[in-house]
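Below is a structure I'd like to ask you about.
Going by the order they are written in, the chains are A, B and C; count residues from 1 in each one.
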Amino acid sequence: MSDIALKCDGVTVSYGALNAIDDVSHSFAQGRIYGLIGPNGAGKTTLLNVLAGRQMRHRGSIHCFGADITRTPPHERAHLGIGRSFQITKIFAEMTVLDNLRIAAQIKHSRFQPFWIAPRYERRLAGDIDAMLELTGLSARRDDIAGTLSYGLQRALELGITLMPDPRILLLDEPLAGVGQHEIASSTRLIKAVSAGRTVLLIEHNMDAIMSLSEEIVVMSNGRVIAVGAPEQIRNDATVRSVYLGEEES
Amino acid sequence: MNASRFDLWLGLPLAAIALLLPFTGPSDFMLNLATLVMIWAVFAIGFDFVFGLLGMVSFGHASFLGLGGYALALATQMWGLPFCAGVSLAIVAGALCAWLFSFFALRVSGIFFALVTLALSQLLYILADSKLRAWTGGADGLPGVARPGLGGIDFFDSTLFYWYVLAVFALVMAAVVVLRRSPFGRVIAGIRQNETRAEQLGFDVHRYKQITFIVSGGISGLAGALLASLLMYVNPQMLHWTTSGDVIIMTLLGGAGTLWGPVIGVLAFEVLKEWLSGWTQYWYGILGLIFILATLFFPKGIVGELQERYGQWRDKAARRDGRIS
Amino acid sequence: MSTLIIGLSLGMLLFLLASGLTLIFGMLGVINFAHGALYMLGAYIAFDIGRHTGSFVAGLIGATVLVALAGALIERLALRPLYDRPHFYQLILTFGVILVISEVVKVVWGLGYQESTMPPALAGTVDMFGSTIPVYRLFVIGFGALVSGGLFLLIEKSTFGMLVRAASSDGEMVRLLGLPVASVRMAVFALGSGLAGVAGAIAAPLFPIELGMATNTIIDCFIVVILGGLGNIRGAVAASLLIGLVRAIGYSYMPSWVDILTFSLLIATLLTRPQGLFFRATRSA
């Protein structure tokens, strides 16, 4: 019986009369990889925002390893081990790749940031940073300004920043979005590699990738969870197909 | 680290000028002008913490400047404290006021942040002009503000006061250099570039902004005390929102967010002012025009644009040498 | 009673002044710090034309037109290149415009303050409801009501107004439809500036005309615009009248507290209801 890493109970997010998410409850077990799929506007990113703390205005509760984090602000959730990557790349565009990872490494090591020049502190971070540069394939580009990188490399940096604090829970919002065909395989492998030992909640539109990566699929539509199951089950589920086919027709 | 090489190349001539000036036989007027430039540079540096480093437009910094000036005046005149205590009080006053402002101002962003700081600042100005007249001397201000009283040196001498201010200015610059290169400084830069990402990583963005605001206020308060001491006078005009506007102009002109930008901006402003007022009484308007043109065509400011050209030149050289692709 | 009339006239004057600012922000998203300077320019121009022609109306019309032109110039030369940049550039640039306008005024009219004479047709007083009320004050109220009505009609009912509202919610679309978004923006800015000019011309007989007007009145404008809601014309009317009445009553009973109260109200509104006290769901008149 594994721990429940994240649990949401009766979460509803409303904008006036419209419910972006409607009474969603689900438990995400520790160490498993979940794929979150559904047509556009289903509420997938909103759910991620709720779990990450970016969307604080909602009904219902969120628990992380048993602790109630409903009122916990996003920066505190990071310290509880929740890491999140964004659909639209959020990196520090004017800094070098190295500095981008440095900032992420800083928060991993200490809440308190020295306001003096601290060479020993910087040296302690160097090992982690080098390892992440290796993992994301960015070693050669360490001194380049992040904003000048190609889209694919920026996505890699995005992942690297997210992973640096070593989060036990990973919320990935369309990590393969915009990635070129020839890079999808390697990117998918990377995600699989970093998912080891972590609880992962992954939003993706690339069906092949998400089906191969996930151990369990959660299907959303119109703000509700309409199906849950193993990838093969979901592939053949009639409700799911109608939801997608319905979308295609309209 | 090309940024620091650039900063060094800019800083050395400035330091040379500052150190050599008193030995070139300048007039009292020149010395006082140079002292004024350094004091306003301290103010601009303090302001740039919020404007350049955090990217927020504050129209409230005149409050911190003015409070610093009044704090020194009151400390030395009303409470008979020594100069150093007065300056410390000024720094604390500026920092406290900034802390107070931050409670209101940090709840809103963008244009509303500018307007809240403007409103708070103007409220303080009105209070100083009217209700707190007993303390502030109202529109007449407080004359006879002291000069430093270190070891019996006569700081009413322009040259000696110049050295004093230069020492303080150098200390402030050193502190800023350290802060910008520190892990803390890197986080601040990150917050400006992508606040959401910084927050999601685990940084308490609100706390960082607050701390930066407080430091900004403290430095501005220090500038206010020095200004009051230079002028030997403090009045509510130091608290007026147009004073905030002036420092915004200077900082933008020089280059917000850069190390030497605020300093160069003040220097350029004062030099232009002196030069222009030499042949027309309408220098303020022409300065406004120059500022408008600068905002349109050189938004990065003097130092910002120079820094970019320098970066491009370095990249070109590196590419030629095959160091980068 | 006379306090009430004074309050209403102050309020209407404030509305004339602030309506331009809120219009420009509502439609263009620009906060024009130089709005008070344009008001000052209007006052000076009206005074000057009135002095030379002896006609108040000529001064009124002249001020409106010339200040509107100045506004169009500012938009075209200084603001248009900045629309792609972060908002604060426009804000700060308009601060620079204050300096330029102030200097122009200094060049033409000098440093001292001017006094405009009351137009003889509107001078004098009437006895109403037991008080002696200056005719000019009533004129200001009436004129203000006329302008606010006209503005409302323009924005809500006319084709131009429709174009402006469309351009403000989706400029790209309007441009793709072949309509001149850039000209519309300039027209709105000219209109807003013209309103400032009108306010200046109307205010000229009431207050000393001097350089401080540029920086003092802009604060009042902000107060009205924030309380009323950025872009909300109806809200601006309500807020102006509120402030006008508060000021009139305040000056009679507790003059030193008036400003403090108004500022505290402003700050409180900015923090709790930044959309304004009279918020409406849609951003139109």
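Basically, contacts are C-beta pairs under 8 Å (C-beta built on N, C-alpha and C of every residue); 3 or more make two chains touch, one makes a residue touch a chain.
Computed from a prediction, not measured in an experiment: that's the story for all the values here.
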Chain-chain pair with the highest tally of contacting C-beta pairs: B-C
Chain whose Cα mean lies nearest the overall Cα mean: B
Most distant chain from chain A, judged by the mean position of its C-alpha atoms: C
Separation of mean Cα positions, chain C and chain B [Å, integer]: 33
Rounded Å distance between chain A and chain C, as computed from the means of their C-alpha atoms: 50
Geometric centre distance via CA averages, chain B-chain A, whole Å: 41
Residues of chain B engaged with two or more neighbouring chains: none
Touching residues on chain B, where the partner in the complex is chain A: 178-179, 181-187, 189-190, 193-194, 196-205
For the chain A and chain B complex, residues of the former touching the latter: 52, 54, 74-76, 78-79, 83-84, 86, 90-95, 99, 102-104, 106-107, 111, 113-118, 121-122, 161, 165
In the complex with chain B, residue positions of chain C that touch it: 31, 78, 81-82, 85, 87-89, 91-93, 95-100, 102-104, 106-107, 215, 219, 222-223, 226, 256, 259-260, 263-264, 266-267, 270-271, 274
Chain B to chain C touching residues, read off their complex: 57, 104, 107-108, 110-112, 114-116, 118-120, 122-123, 126-127, 130-131, 241-242, 245, 248-249, 252, 282, 284-289, 291-292, 295-296, 299
